[in-house]
Amino acid sequence: MALNAFRITEEPYYHSIANEIALFEAAYSARMPMMLKGPTGSGKTRFVEHMAWRLGRPLVTVACHEDMTASDLVGRFLLDAGGTVWHDGPLTQAVRHGGICYLDEIVEARQDTTVVIHPLTDSRRVLPLEKRGELVTAHPDFQLVISYNPGYQSVLKDLKESTKQRFAAIEFGHPSFDAETRIVCTEAEVPEEVAARLVRIAASSRNLKGHGLREGASTRMLIHAARLVARGVALATACDIALVLPITDDADLRDAVRAAIAVAAA
Amino acid sequence: MALNAFRITEEPYYHSIANEIALFEAAYSARMPMMLKGPTGSGKTRFVEHMAWRLGRPLVTVACHEDMTASDLVGRFLLDAGGTVWHDGPLTQAVRHGGICYLDEIVEARQDTTVVIHPLTDSRRVLPLEKRGELVTAHPDFQLVISYNPGYQSVLKDLKESTKQRFAAIEFGHPSFDAETRIVCTEAEVPEEVAARLVRIAASSRNLKGHGLREGASTRMLIHAARLVARGVALATACDIALVLPITDDADLRDAVRAAIAVAAA
Amino acid sequence: MALNAFRITEEPYYHSIANEIALFEAAYSARMPMMLKGPTGSGKTRFVEHMAWRLGRPLVTVACHEDMTASDLVGRFLLDAGGTVWHDGPLTQAVRHGGICYLDEIVEARQDTTVVIHPLTDSRRVLPLEKRGELVTAHPDFQLVISYNPGYQSVLKDLKESTKQRFAAIEFGHPSFDAETRIVCTEAEVPEEVAARLVRIAASSRNLKGHGLREGASTRMLIHAARLVARGVALATACDIALVLPITDDADLRDAVRAAIAVAAA
Amino acid sequence: MALNAFRITEEPYYHSIANEIALFEAAYSARMPMMLKGPTGSGKTRFVEHMAWRLGRPLVTVACHEDMTASDLVGRFLLDAGGTVWHDGPLTQAVRHGGICYLDEIVEARQDTTVVIHPLTDSRRVLPLEKRGELVTAHPDFQLVISYNPGYQSVLKDLKESTKQRFAAIEFGHPSFDAETRIVCTEAEVPEEVAARLVRIAASSRNLKGHGLREGASTRMLIHAARLVARGVALATACDIALVLPITDDADLRDAVRAAIAVAAA
Amino acid sequence: MALNAFRITEEPYYHSIANEIALFEAAYSARMPMMLKGPTGSGKTRFVEHMAWRLGRPLVTVACHEDMTASDLVGRFLLDAGGTVWHDGPLTQAVRHGGICYLDEIVEARQDTTVVIHPLTDSRRVLPLEKRGELVTAHPDFQLVISYNPGYQSVLKDLKESTKQRFAAIEFGHPSFDAETRIVCTEAEVPEEVAARLVRIAASSRNLKGHGLREGASTRMLIHAARLVARGVALATACDIALVLPITDDADLRDAVRAAIAVAAA
Amino acid sequence: MALNAFRITEEPYYHSIANEIALFEAAYSARMPMMLKGPTGSGKTRFVEHMAWRLGRPLVTVACHEDMTASDLVGRFLLDAGGTVWHDGPLTQAVRHGGICYLDEIVEARQDTTVVIHPLTDSRRVLPLEKRGELVTAHPDFQLVISYNPGYQSVLKDLKESTKQRFAAIEFGHPSFDAETRIVCTEAEVPEEVAARLVRIAASSRNLKGHGLREGASTRMLIHAARLVARGVALATACDIALVLPITDDADLRDAVRAAIAVAAA
């Protein structure tokens, strides 16, 4: 498929938190491999979409998982009427034609996936297609970006030191009160007053993190609740459906979160 | 196959418990990904069939299991007379043509299955067919629904936090006495008096939950017993066959359940 | 292959123990999924053959094992001169054409096998052929029967609660003295006196169950011994070959079983 | 391939120990499935070859191992110029054409292999070729024989109770002094005096079983030593090469075995 | 593909540390298999590129990983219009045509990969292509080089003794202050003063190794920081992005590294 | 491929240690399966090459590993223009055409590999090609030889008793001082004085075995050091590169080995 399908034609909404846009531009001008760190729903995927649009590069996103093989990234031979024909994988397409390749949650992938990117992330900037016997030199515009959620890292499943060292990193957290309120307003099309109340609720739930909750409510979950409110669901019910029920089945914990919601919503 | 094969033409019998129909309609109008939570036999599958009928959308149901691969959901190349031809999987069909895709017991599936749905459950609403090099944008009518049985969740096999956060949730439990009686009457075509007696028996068995029984009798099991009664099997025998023998092999536990049945049936 | 190959044309010999024939007929008339429970060699397979003959339905038997895949049950694409052609698996044949499908020792199978039967065992009565994109509605005569040996169930390998609840159950044990004597007479063509002596020996061996023996001698083993006797082998030797040597290699246990045999044979 | 390739045209040398030939003939006349039990090198394989010759049946031997699949036994589709063509596996050949199928060390095989033989070992005597959709009824002359080494059985890898019960068993041990001497003479073409000395050595080594040695010297190993002696190797050296070095690397144990050899050889 | 694609036409920048160039030349003149030992980012890959250029040999680099099979190295049959055609893998290409084959991080590979190189590393100098039935004698110019990071070796994953013995070894560590400063200057095009400050920072971070950090900053990471500085990013920010954030998520450790940076940067 | 490619036309240099050549000739004249035992680098592979040359038989060597399948040994069907065509594996070639098949480090292989050789190592001398349905009778000149390193045997990975018993064994250790000196002279083309000094160094390093070193320096490693010396590398440096660095990363152990080298080299 033409890489043009991966061009982002409309500006993706992104609310800048600090100097991350300038830092990414500096890194891209050096074609430095980048790692975006941060919890789920903190905007890493949206940021890379925004940067791809800003830099005018096609964006190839791959959601990594433990059953993904190197061939899923690099490409494979498929049987055609006239025999086997090589099909470039998403990484190879980006390497060849100068896109940004975004490997989402790379720590989930098997080692063959992470090793395959090594020669792309040092001075060689090449991708060996071993099964095809081809050595692809990266297009001058190609850049590799990975995401990484520190909260998930464990001894068993962490990036190898020799992989981490190949990336410079930008860190993401929850946005400020004002920023998050504006994001919820914009994405769910609710009045600022509703958005602000939901952001206060989120802050309460995030305080419960570590007291049984692995993570507090993300911005994405607030947008869910706000969209239900916008469709006539009562705020308490919307919070229950979007912030409480999906996250925990523990009755005590549910009560604690609901109490925090009630206070913040008041 | 045409998605029309998955249209539900007759109203599936569903007895509403609370405001779940209105909540689902609000969620669907925002195309919000939904999680149906609840124990086995509590009516989650029937509810989604009812909603698909009510909303006039085709319903593609996939029973997840630990040997299911992402290809089973997304599609694969098959060898034809003229070479390999791509065949859309059930998820891709629903995404392309605007159906509701219901992933039943998604927690059983391997990670590649759960990760594949991520880009469908955020603002992107796309499904990358990596093996085919195609990025399918979801039909405006497409919605994703998953089911989840909290009683089964364990440390080893639970949805990832980053997956849970993408869904709003509706919870299902056992229906009220009156509701369950009406369901048994309707489904098994037995007199209300028989149905009521069976529902009382079910309540007794549910009280034994935690005292050796992992779950009490479900509505489905009551319907089994009622159908045997309707075919001339004595109530005690029918309860034994449908409520006791399938559930436990422990002699003491069987006696306890039978005693509870005898009291409730009296 | 035509399902007719699976029609049972001669009455399989079956000695009824209690009301199991009537119960199965009631269940079949409701097309209720059935579970046959009981130890090895207790006649579950013979019973389902007898019922298939009695109900005039073809019987498709599948011996489950841990390397069996869902495709082995459901069907697969095979490469033909003109490309890939779909071949229905044994379950699909029974579903399409109205046979009884008997899944022997289903607990041995992998989860994808057990999950595949879920939509066949509730009100939907459909079998989704995901790889083919077809939704097969069960023939009105189709019934699903599974066998289950409670002695084998363990924490690691047991049916899921959500599977068990879908079946009504009939339980099998060792037949009565008279019944078993008649079975051995009929099957091995030995005089009643020989059969009776062997059944008494079996009773002794079954008393040792739990004292080192996992199961006592089954009816099938008695028939083996009887057939050897019918061919001129001495009773003690026949019992050794058919009842002792296959079951245990522990010298003390062998002596105990032989002593029990000697007493019972006297 | 024609099963005739598996006919044994010359009498395989076999020295009978007890009444095992008559017992096997009785079992074969009832087509009873047989289990040959005994340690390695005790003559189980030779016995079944002898019986196949004596009964005039082709013998299909399969050495089982943990990577063997049911398809290796039953058959598979192979791609030919005109598409896929079914090829019967060794078990199917024996079933169809009336051979004796000998599954050597069946306990090593995966469960799908052992389950595949169940319908062949009860009154059905059929082999379902699930992938081909064919139900092969066994040829009247077909018999199934398995071997089983009790010394190897463990909790993790043992035949299932439901498999063991399907077989009658004959047990093999080390032959008597005179019998073993004659076997060594015949097989290695050495004078009786040499053979006798080696058999005495074997007896000594077998006494060390349990004191570090898992098994003593087998008849096969004695034949190895005898053949080296027949080619001019000194008895002590021949024993070292054939009886000591292959079995243990423990220096003390080697000295113990060598001392036993020295005494017995004197 | 022609091995010429793997010729290195421009001298790769390499700053010699000791006598490693002369030693490698001596080893190459004896075609001795070589092992390059050292931590990540210590220049092993750059060294082998430099030597390949200096010796005028094509360089075939393979990044090893635990999912790599022997076929990935040696070659495989691929289906073409006219049937299966053999394609040499990267190792076979180097063996046949006289290249240097560099197996990077060989300890990550599965055993079949390491065993495949054995006959290439003793007097035989052959590569058996078992699947093709060909015995390739190595081209007189062929040499095998592997890399090995001692910091990663564990009991579970280490080279077998019988593999290690086949290689002579050269060891790599961090370069001297002057050498590293010159490398950073050259690679990132920054003034010597900036480079020197970064090298001092690296020394501080390397002192923290063992106090929570698995490895200190590598030369590669210094170059990342320097390149960001060259693009206008403040030194402290550049160090944070390139030296701190990618390496640790521990807040205390981050503070310690930042403090060390502040001191060294002053 | 013609087995002639595996004929050894030039006498491989082999320095005999004891009577192993005569013993192997006696064993070959009885076509007895042989096991060569000994540590890495002790000359087992060279010995079997020498014997194959001396006996005038082609030698097929297979380096076993844990990912090798029985098909890699026996052969497989490959897809050709006209369908699938059988290709003999290396073992089958040797069996059919009368070569010596040498399975190097067989203990590394999976069980299906070791079981496949059983019928070749008893009186049957046949190789069943189950997938092809062919029973290959071994050529009268065929012999099977395996190697086995006792130092590696563990409970988890050892040859089965029933496999070991099928082989007679010859044991290899380090050669005598004079023998090893002559080997190093001949292979590395260094003066006897240099070789002798290296052999003394090896003796010192072998004394450290058990004090941290798993094995001392092998003859192969001495040849490496000698070849570097022959190319102008100083003796101490050559020993470091060839004897110390490849073997251990422990600083204390390195010092101990270096001290031993210094003393022996003096």
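Each chain gets a letter, A, B, C, D, E and F, in the order it is written, and its residues are counted from 1.
Rule of thumb we're sticking to: a residue touches a chain if its C-beta (ideal position, glycine included) is under 8 Å from a C-beta of that chain, and two chains touch if they have at least 3 such contacts.
The model shown is predicted, which means the values in this text are computed figures rather than measured ones.
Counting only chains that touch, the fewest steps needed to get from subunit D to subunit E is 2. Homomeric contact subunit A/subunit B: same residue numbering on both sides for under half of the interface positions.
With respect to subunit D, maximal separation of chain centres occurs for A (centres as means of Cα atoms).
Subunit A and subunit F carry the same sequence, and matching their CA atoms takes a turn of 120 degrees, rounded to a multiple of 5.
Look at where the CA atoms of subunit B average out and do the same for subunit E: the two points lie 52 Å apart.
Subunit D and subunit F, compared by their mean Cα positions, are separated by 30 Å. The geometric centre of subunit A is 60 Å away from that of subunit D, both derived from CA atoms. Among the residues of subunit E, those touching two or more other chains are numbered 79, 82.
Arrangement of the chains shown, judged by which pairs touch: one closed cycle in which each chain has exactly two touching partners. Begin at subunit A, move on to subunit E, and keep following the contacts round; the order you get is A, E, F, D, C, B. Subunit B makes touch with subunit C in their complex at residues 1, 5-6, 40-41, 45-46, 61-68, 72, 76, 78-82, 87-90, 93, 104-105, 108, 149, 187, 214-215, 218, 220-221, 224, 227-228, 230-233, 237, 241-242, 245-247, 249. Interface residues of subunit B facing subunit A in the complex, by the touch rule stated above, are 19, 23, 26-27, 29-30, 32, 35, 37, 69-70, 77, 79, 82-84, 110-112, 114-116, 118-119, 122-124, 128, 130-131, 133-135, 150, 153, 161-162, 164-171.
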